[in-house]
Every structure is written in structure tokens, then in C-alpha cells.
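Naming follows writing order (A, B, C, D, E and F), and every chain is counted from residue 1.
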Amino acid sequence: MAVSTTLCKRLELIIARPHLQIFAKLFETAGVTGWTAMKTAGGTGTSGIWREDQLTGADEHVVVLAIMDAAAAEAVLEEISTLFARYPGVVSVTDAQVLRPERFSGQPKKADQ
Amino acid sequence: MADTLSIAFTNLASPMVLFFALGFLAALARSELSVPEAVGKGLALYLMLAIGFKGGVSVAEAGLSTQLLVTSLAGIALGFAIPVLAHTLLRLTTDLDHATRAAVAAHYGSISVVTFVAATEVVKAMGLVFDGYMVAVMALMETPAIIAGLLLARVSTPAGEGDAAARHETAHETPWGTLAREVFLNGSVVLLLGAFFIGIITGPKGMVAIGPFVDAPFKGILCLFLLDMGLLAARRLRESAGLTLPLAAFGIYMPLIAASLGVVTGTLIGLDVGSVALLTVLSASASYIAVPAAMRMALPEANAAIYLTLSMAITFPFNLVIGIPLYAAVAQMLAG
Amino acid sequence: MADTLSIAFTNLASPMVLFFALGFLAALARSELSVPEAVGKGLALYLMLAIGFKGGVSVAEAGLSTQLLVTSLAGIALGFAIPVLAHTLLRLTTDLDHATRAAVAAHYGSISVVTFVAATEVVKAMGLVFDGYMVAVMALMETPAIIAGLLLARVSTPAGEGDAAARHETAHETPWGTLAREVFLNGSVVLLLGAFFIGIITGPKGMVAIGPFVDAPFKGILCLFLLDMGLLAARRLRESAGLTLPLAAFGIYMPLIAASLGVVTGTLIGLDVGSVALLTVLSASASYIAVPAAMRMALPEANAAIYLTLSMAITFPFNLVIGIPLYAAVAQMLAG
Amino acid sequence: MAVSTTLCKRLELIIARPHLQIFAKLFETAGVTGWTAMKTAGGTGTSGIWREDQLTGADEHVVVLAIMDAAAAEAVLEEISTLFARYPGVVSVTDAQVLRPERFSGQPKKADQ
Amino acid sequence: MADTLSIAFTNLASPMVLFFALGFLAALARSELSVPEAVGKGLALYLMLAIGFKGGVSVAEAGLSTQLLVTSLAGIALGFAIPVLAHTLLRLTTDLDHATRAAVAAHYGSISVVTFVAATEVVKAMGLVFDGYMVAVMALMETPAIIAGLLLARVSTPAGEGDAAARHETAHETPWGTLAREVFLNGSVVLLLGAFFIGIITGPKGMVAIGPFVDAPFKGILCLFLLDMGLLAARRLRESAGLTLPLAAFGIYMPLIAASLGVVTGTLIGLDVGSVALLTVLSASASYIAVPAAMRMALPEANAAIYLTLSMAITFPFNLVIGIPLYAAVAQMLAG
Amino acid sequence: MAVSTTLCKRLELIIARPHLQIFAKLFETAGVTGWTAMKTAGGTGTSGIWREDQLTGADEHVVVLAIMDAAAAEAVLEEISTLFARYPGVVSVTDAQVLRPERFSGQPKKADQ
């Protein structure tokens, strides 16, 4: 390739919107350098159907997209699998080629934060 | 009595109830009619701002009586007592898991702003008066039940389960800061109380300035909002998976029980008829905006479909159509 | 005649038309000005709720004449006749594929609520009166053309093509239940008719309650909505790829032909002048809310860009600026 | 890896919003256990440009994301390729690692549903 | 003077300022209260449409004086002078990179519509009058500063950096067409000027038609919008990363300096008191809608967090609470 | 597989919304046959946190999804890496299986547009 790309992990998380801050904190602690939350319009899962036109934020989901290196991905997955015991959600991880890989390698924060 | 009731039930032919019914029937029949989410939320903000501000202005005119303090304490006490009652009834009549049970209980201890707003229109139409500070009482009753729900969730955890839960919680318990924020800084509490105090501060002069916004279109906006509520309630009902008969029954008898508590309390502390009616409505109503979001945070393991369906699709329509006129009539007979 | 026309065309300097022109020019010049989608949809809901309710109240006051039945039947007949005519003209003058041709025909058989609303303002400004039930006639004319379009799509499929299409359809044809829902439970039909009946039920008392919402700001909200329509129409026009000259011409002459049908029908069944003008406008207008969504479902193979551009970016502006005053003037001369 | 992940398929579908219910039915019949529809802001394709600020829902798209096992993905792709003869759309399938794989293995429904 | 000031500062207890404070405090305290984005944008459109239209109608009534031309030229001159001044001060007191520095300067040369709208309410409450064409002057002052900012960005690039930048720009410079569109066809410029001309064309007759929309609810809608602004401003402040003390100070002293320029200019060209006050407010205010979007396009390498935080979270609250009454009082003393 | 699929590239771009038209032009020039922009609700990155409820479009992002063949992906990545010198953004590329591969092979336009 003319431009050189680097292999990274693309992590995609589907969670209830009210829990976004909890997972954002997880990312921050694990040294993930960035994430983007995407808006949804509806869906179905084990707990039935939902759609966006609800007044209360309780029944809304977001898709969170975060690109990180393999080490961060492993650490984050571990954390997420613990969180999933209490907070419902779906996660998937894909290989992805990125430009400027240094952007996606952060430093995990100390637990005492 | 028959008279009082029949006057109260003219409510059934009001544009408010009819627009709600229109939405409800449309969604039941699977029409695609819908109100954009942002518009629904905007209408809800308007209603809270307007009702809070108008309450404040009327307090500015009438002066603050000591009744406000007594009524607020009574309201908060109801906000704790009703969840305990609800929790017990749910344990006896349903097989909900303990987290969902506590979450449902919290919803019934809290209140529904739109039910209150609709009730003020009915009470006014019946020629009754009520105190402006009832808006503040409503705001104060919104979130204490969240605490009650959480305490119930912890107390009620059976032994073995408790250990497991305890282990989780050490790792992932919702921090108290977050909870306190949900209780004291919940969006609707802040807007209702904020607009209420702005109404007190600016008084009738403020009303001259923004009356054409908070007053004139109020009932019309309420109708549009109730159309949306009808659509949402019927869609929930149609899509509800886990709704058993004992649960649906709870959604009807629980408001009646809570209303009884409310009407007695209101009469005992000596409120005037309109205010008794409103305290009764507040007791009977269940939250579907403030508490669900808080419960998602604090009790994520609870089944959100259950508590949303109960409060929004069973109790809200019941209160709007039958409850409000009934409570108002009873209040008039007891306290009138 | 010159007088009638010149009075009718004072419409051109009304805030309504000017705000539409502002939006249209802004988008043509590639300004980024835009109205959020949720706001546009909210304004459309408001206009339908308000026009439906006001029509109902005026029927409650005037009483229901048998004219309603006759006019409704005439309206529905127009809703079938116009698509057949449109379909024939499209076959003769354009090379649209058969699905798109049928879909376009359906749009012209249906109506545009906002064109109607704008026409009521012009008719009122000309000092004419019209029957409140015309709102119900509008609602009833909204969706029959969907059926006409589908029948045309099936009938017009050429032999060979038909076989292939038939095979598809066995596999993936839109179920009749879905179609019936689009026709009878289409969002705007439900809201218009629902608000109309609520207006009849609550009558002048209902108007006292929500008049300050449905009446006072009505024209202003219409202006804001027309600003948005101007933006959307011009953007469609700019981005339209498949718009040929014969198609664009169809967007102009088709409303004129349909209007002729409408004005004759209205005069024959003996409506008063204002109502004839409105029936003419309904005939001439083409749907850009209810029918496009239904056609996407029922005829997914049709080219949506074509029917949306024609109805929204050609016919709507033409009707708003030139059509409405013209039709009103002709109605006055024929029926006045 | 400290947490064990399983290989699944991540299917991504771009369709007109009015057709969502048709594809949702397809997923349901094929035993897909869940999906999430995401909101879009605009796009271009063979039939030109579109953007969200349109009154009519006719000209709006959604991106539907569904995670499923390989067997379901194959079945679903087959169905989709038939549907695409009539309903326009774009589909892509990616390999993805997931937690709790049992969530993504459903049972196809009988055709007589 | 004390009197003038104390009258001006009754503004502090107006619903407008109180709702802004409510939003600000709620967001500072981390309440989740929020206004949906689409609703906020809708309210902003309403305010621009209404203020533009009302200005036009008042010009239709008063006639167009030559003062409009002089004031417009003065306003545009201020739109170039203020960025130069701001840019110099930023170079002397902060270590912003050259792109961010130029972008910030452009924001202060432009204006804030809501600050202007709030100021018209204060000026009216003080019993002062102002010319309707000040709305047009505001629209004309909105975007020239974008050009000023871009020129400053090019001029101020240090030699070595300049070469690198030059190389980039050959490849990816924002095309002039895009820029011209941002300046002349910016959404708020188009809406303000468009509504202004529609007001002139339709005059008092137009006001009869849409007055109940643009006039009656105006202050109430402004309150709801200011609630949203309070929330947004405080959230920016809380989340702002790069905000140093010299920058924050700039956000306070820069409006004061620009106001001095404005009040002197307005007095010199002989405006009446209310108009001087408004020109002062325009000078002092900084854009947070039109210019940020333009700068993102034209100077993508500038730090958006800096210019948004400064104009929205520092200068806007300062002007709303302290600036407006202060400028009005000074204008009254100088020009009264 | 019963349906035959083809390997393509799925390119995902996170950029500021005001820059969408610039990248859209890039796609057009490179012969990309389509793209879809998705709405976001918030995110964090090197320049801090942002969320959607802002009045000004300046501080909003979109996620742009484009499916293309490998050749186009390479060309586009090269262009993007130049644009990234001036416009901030994140890009990732994933392998994906598609139906109807001819849809995703366009012709680059001459530079003289």
C-alpha cells in the first residue's frame, strides 16, 4: 500500500443510554484514547422490542465505537465482561486497519484515580 | 354524590382525554402516527416550566403559609410509605425478582407530572381552588421514592442471593454521588422547583411578561402531549412481553390504595378541597419520566419493560380517565 | 374577472408565500439554513391537529348537512379518477418505468394538507366562506389514491415483465394488512379525522379551551413551516437527477387538469364558492407526506426521487404561488 | 486472552427506513436473536443524494446492525439476496469476536409462523 | 448615574436572566436536565424569524432613514476593527496558536443574536426606543468578521510556519466559494434579513396576521431558550480543558473594550439612545452560532473548544447578566 | 455458502460534521459509489469531550460508512491521510463480505473534475 496502515481493534458496544457514563469511565480507566457514541432508532433483543420515540431515556440504547490497540482491547473486554454481570449489553471486536496508530495507544490510569 | 361524580366525569369529554384516547386507539390499531421524540421531550419541558412558574406566581400572590411545610412533609412521607406498601403487595401477588419489585415500588411512590397537570384542569373545571404551592409539593414528591426503592432492593435480597449481590456491588455498585444527583438534581425536579421559585421571585410582573407563553396555549399543548402519551402507552401495552394478570391488576388497585392514603392524609392535615384532590392524585400517580431513568442507573438488573409498562400503559391511562374524576369527587365529599 | 384575479393574487405578498420564497431562494443559493427534521414534523402535526379540530368545531356549530356525504363521495371518486388520468398522461409523454408511473399517479390522486391550509387562508382573505366539513373531505381524499396506484401498477405491467413481477410478488409482495393500514390508518388521516371528531364532540366549549393554541399562532406557524417547505423543495430541485422536461411539464399541467375536474365537480354538486375553491385545490394538489411513505412500502421498485421531486418541488410551489389564487378566482366565477 | 471470545458474524444492512419492518421480520424468521437500527444523517448511492431533513419518511435510511453466528448469517444473507431483487439496499458481513456467544444463536422459526 | 444603573439592573430579576441562571446552576451542579438539540435549534429559528420580522414591520411604519446606511457601514467597520484589536490582545496576553487566535478574533467581531434580543427587552423595559433597522444592522454585522479572521490567520502566520501552511493550503484550502457562502448566505444572516424584508413588505397588515405568533409568546420562548443556553454554557465551562486564566480574562475585558468602541461610534453617528445601547451590545457580544461553524470550515486547524468556550461560556453570560444593563446605562448617560 | 459473497473494504470515518462535504467530494473524486453518514450522540478524543446538545453545528461529529473495493480503499486512504494534516479525524478499514460486488466498483474522476 502507498499509505502504511496498522492493525488495531475496533470495539463496538451496544448498551442502555443511561449506562453510557459507566462505560465511558471504564474506557478512561483502561487508557482508551477516544470513543464515539452513535444514535439509534430501535432494536430487539432478549428483553423484547424498543423504539426511540419514548419520553423517558430509560428505554434508549447507544452504540459506542472505540478504536484501540490489541492490549487495550484485551483489558477493556475483561472489564466489560465483569460489568455485563450487572449491566446488560452486547459487545463485538473486529480487526481494523488504521492510520496514525499512535493515536490509539493510551496509558491505563491507576485504580486509585 | 351522584352529582359530584357526574360533574367530575364531564372530564371524559374534554379535549384532553379525547386526544389521549385518539393516540391510544391509533397505536392499538397499529397506525404509524407518531410524535418525534425531540418534540415530545420539548412539550414535557414546556409543561413543567409552565406549571412550575404558574404555581410560583400564585404563591407570590397568596403568600407562603406554614401549610406548605406540613404538606411537603406529608408528601415526602407518602413517598416513602407507598413504596413499602407496593413492595409488600407485589411480593404477595407476583413473582417478580427482587430488583424489579423494588423498582416498581419506587415508581408508585413517585408522581406523574402530566397526571397532576391534567388534574389541575379537572379541579378548576369543577370550580374548586387549590394552593399554588402544590406544585412544589409535587416536585418534592418526585424523587424520595428512589431512595425508598433502593433501600427495599437491599433489604429484600434473600440471604444467598444477597452474598452474590454484595460481591457485585463492591465491584460495580452505583456510586452514592450519582444517586444523590438523581434524587436532588433530577431534571424534572430542578425545572419544576426552579420555575416555581422564578415565579415567586418575579410574581405577577413576571406573569405579565411570559403569561402569553405559559398560560394561553397551555391546554392545547397538553392535548398534543396527551396524544403522544396515548400513542406511547398503547405501543407499550401492545409490545409488553412480561405483563401477567396479577401485574396488570396491581397497576389498577395500587393507585386506588395509594389514593386512599393520600385523600385521608390531605383531609387530616386540613388542606382545602382542591388541594386534597391534588394530593390524592399525586399519591395515586406513578412516575414514567424521572424514576425510570434513575432505576436504570441504580438497579440495572431490574426489568425495565415491566416498570415502564405498568406506570405508563396501565396506571397512567387509568388515572387520566377514571382516577382523576373519582379522586376529585371523593376529596370533595370528604373535605368539602 | 381581472378584479377577482387581482384580489386573489394579493396572496403573492402574504407572509406565507414570502416565507416560502425565502426558503426556496435560500436553498437554491446553497445557504445552509435548515429546520431540524423533528421541528418540521412537529409543525406538520400541529397544522393537522389544528385544521382538523377547527373544522370539527365549525361543523358542530353549523350542523352536519347531507352535503358532507355527497362531497365525500365526490372527493373519493376524484381520488380514483385523477390517478387514472395521470397514469395515461405519463404513459403518453414520459418513459417512466411502470412502477414509478403508478406511484406518481397515486401522488396526484391524493392531496397536500399544507396546500389546503394555505388555500383556506386565501379563501378567507377573499371574503369567501367554506364548510367546516371540507377538512373531513380532505382526510378522506388522502389515501384512496394509494389503492388506485397499486391497481394501476398491476394492470399496467406488460406481459413478460408481469410474469417476472408476479414471481417476485408471490415471494415478497407487500401484505394486504400493511396496505390497508397505510390507507385507513395512515398517520395524517388518523390525526385529521381524529381532531375533526374531537372538534365535533367538544364544540365551541372545546374551542374556548384550546383556541389560543390552535387559532392564534396558526398563521405564524404556517409561515415557519412554509419556510421549511421552501428549503426542502429547492434542495430537491437542485439535487434531482432524473427530472426530464416532460416530467417537469407534467408537474405543472397535471394540477391544472385535476383542478378543472375538481372545479366542475364542486360546482355540479352545488357547493358554495369557498368550498368549490377548496375542492379544486384538493384535486390539484399532490401528496408529499402520506403517499410517499406508502409507496416506498407498496412499490419499493419505483424511483422515489421522481415522485418526491415532482410533488414537492414542482407541483407544491406551483400550487402555492399561482394555483391557489387561480383556482379560487375560477371557482368564484363559476360558482359565485 | 484472559477473557475468552468467540467468532461470530457482524451483519450490517443499509436500507430505506420504511422497509425496516420487512427486514426485521426476516431476522425474526431466521432466528436472529437481536438487532439494532442506527440513525443516519444522509448519504449518496446509485439513486443520488439524500439528507435527513425531509418531512416524509420515504427518503430516509437506517443502518441495521445484527450479530449472529455463522449459520444464521448464511441463512440471512440468502434471504436478503432474494429481498434485494425488490427492496434496494446494501449489506456487508464482517468477522467479529463476541462475549457470551450463546446470546447470538437462535432457532429459525418455521415458515408457517 | 446610580439611578440609571439601578434601573438597568432590575434586569437581574427578570424571568430571562433567572431562567438562564437556573440552567447555568443546574448544569454546574451536574443535573442531567437538558433541552433536545432539535428543540434548541427550533427556538433559535423562532427568535431570529420573530426579531427580524418585527424589525421590518417597525421600519415599514417609521420609514427608512438614511441613518440605516450610516449605521450599517459603522457596524461593518466595527466588525473589522474589533477582530484586529482582539487578535493583538490575544497575541500579547496568551500563547494561542495563530489559527485559534484568528478564529477567536473573528468570533468577537461578529455578534450574538440572543444577546441582542435580550438587550431589546432591557432597553424597552428602561423606557428607551430604538430603530427597527437595528435588526438589519445586526444581520450585516454577523459575518464580515469571518473575513477579518481569515485575513488575520494568513497575515499572522510566522515565516517558517507560513511556508508549511502555504503548502497545505495549496492542497486543501477551503475554496472561496464555500467561504463566500458562509459570509453572505449564512443561515442566520439569511433568516434575519429575509424576515426583515418580509416585515417591510407586509408591514402592519403582516403583523396582524402573524403577530400572535411572533409577538405574544416571544418573551416566554426567549426564557426557555435562555434556560438551554445556561445549560450549554455551564457544561462547556465544566468540560473546558484548555481554558487558561489569561483567556478567561480576555472573555471579560474584550466585550468591555468592544463596547467602548461601540458606544462611542453610536454616539458619534448620532443614533438615539436605545439604538446606541444596541450597537454597543452588538459590539460587545461574540458569535456562538454563525461563526463557529464557519471557522470549523475555514480554519479547521484551530481549536474549537477554545473559541466555543470563550464566546458561549464566558462572554455570553457576562454580557447577559452584567454587560447589557451596564452598556445601556452608559449609552443613556452618553447619548441621552 | 449458498449465496456467493465477495471481499470488499468497509471504511469508517469519524469527522466533524462541517467537514462532511469535503470528504464527500473526496469520495466522489475517488470513484466511491456510495456512503452513508450516521448520527452521533457524543464522544471523547484528544481534544476532549463533546455531546450532541449544542446549538452550533461546529462541535458535532458524524460517522461515515463507505463500502468499496480494495483499489478504491487504497486510493481513498491515501487522500484521507493528506487531508488529515489539516482536518482532524479518525479512519479505520475492515474486511467485509458483500453481495452484488459490482455496486462497489466505481471509476475515479479526473482531477480536473
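FYI, a contact is a pair of C-beta atoms (placed from the backbone, for glycine too) under 8 Å apart; a residue touches a chain by one contact, two chains touch by 3 or more.
Keep in mind that this is a model prediction, so the values were computed, not measured.
Touching chain A and chain B together: no chain. Chain centres here are C-alpha means, and the one lying farthest from chain D is E. Ranking all chains by how far their C-alpha centres lie from the centre of chain A, first place goes to C. Each chain gets a centre from the mean of its Cα atoms; for chain D and chain E, those two points are 46 Å apart. Once the centre of each chain is set as its mean CA position, chain C and chain E turn out to be 41 Å apart.
Taking the mean of the C-alpha atoms as each chain's centre, chain A and chain F sit 20 Å apart. Residue positions 34-39, 41-42, 216-217, 293 of chain B are each in touch with at least two other chains. In chain A, the residues touching two or more other chains are 38-39, 52, 94-95. Contact annotation for chain pairs lists A-B, A-D, A-F, B-C, B-E, C-D, C-E, D-F, E-F, with touch applied as defined. Every residue of chain A that touches chain D in the complex is listed here, in rising order: 12, 14, 38-46, 52, 61, 63, 74, 77-78, 80-81, 84, 90-95.
Considering their complex, residues 34-37, 40-41, 44, 168, 171-172, 228-229, 231-232, 235, 239-241, 288-289, 292-293, 295-297, 300-301, 303-305, 308, 312 of chain E touch chain F. Every residue of chain D that touches chain A in the complex is listed here, in rising order: 1-3, 5, 8, 10, 17, 20, 24, 27-28, 33-39, 62, 65, 67, 94-100, 103. Against chain E, the residues of chain C that register as touching in their complex are 13-15, 18-19, 22, 26, 29-39, 42, 216-221, 223-224, 227. Residues 36-39, 41-42, 45-46, 49, 53, 181, 185-188, 190-191, 194-195, 198, 201-202, 206, 209-214, 216-217, 293 of chain E are the ones that touch chain C when the two sit in their complex.
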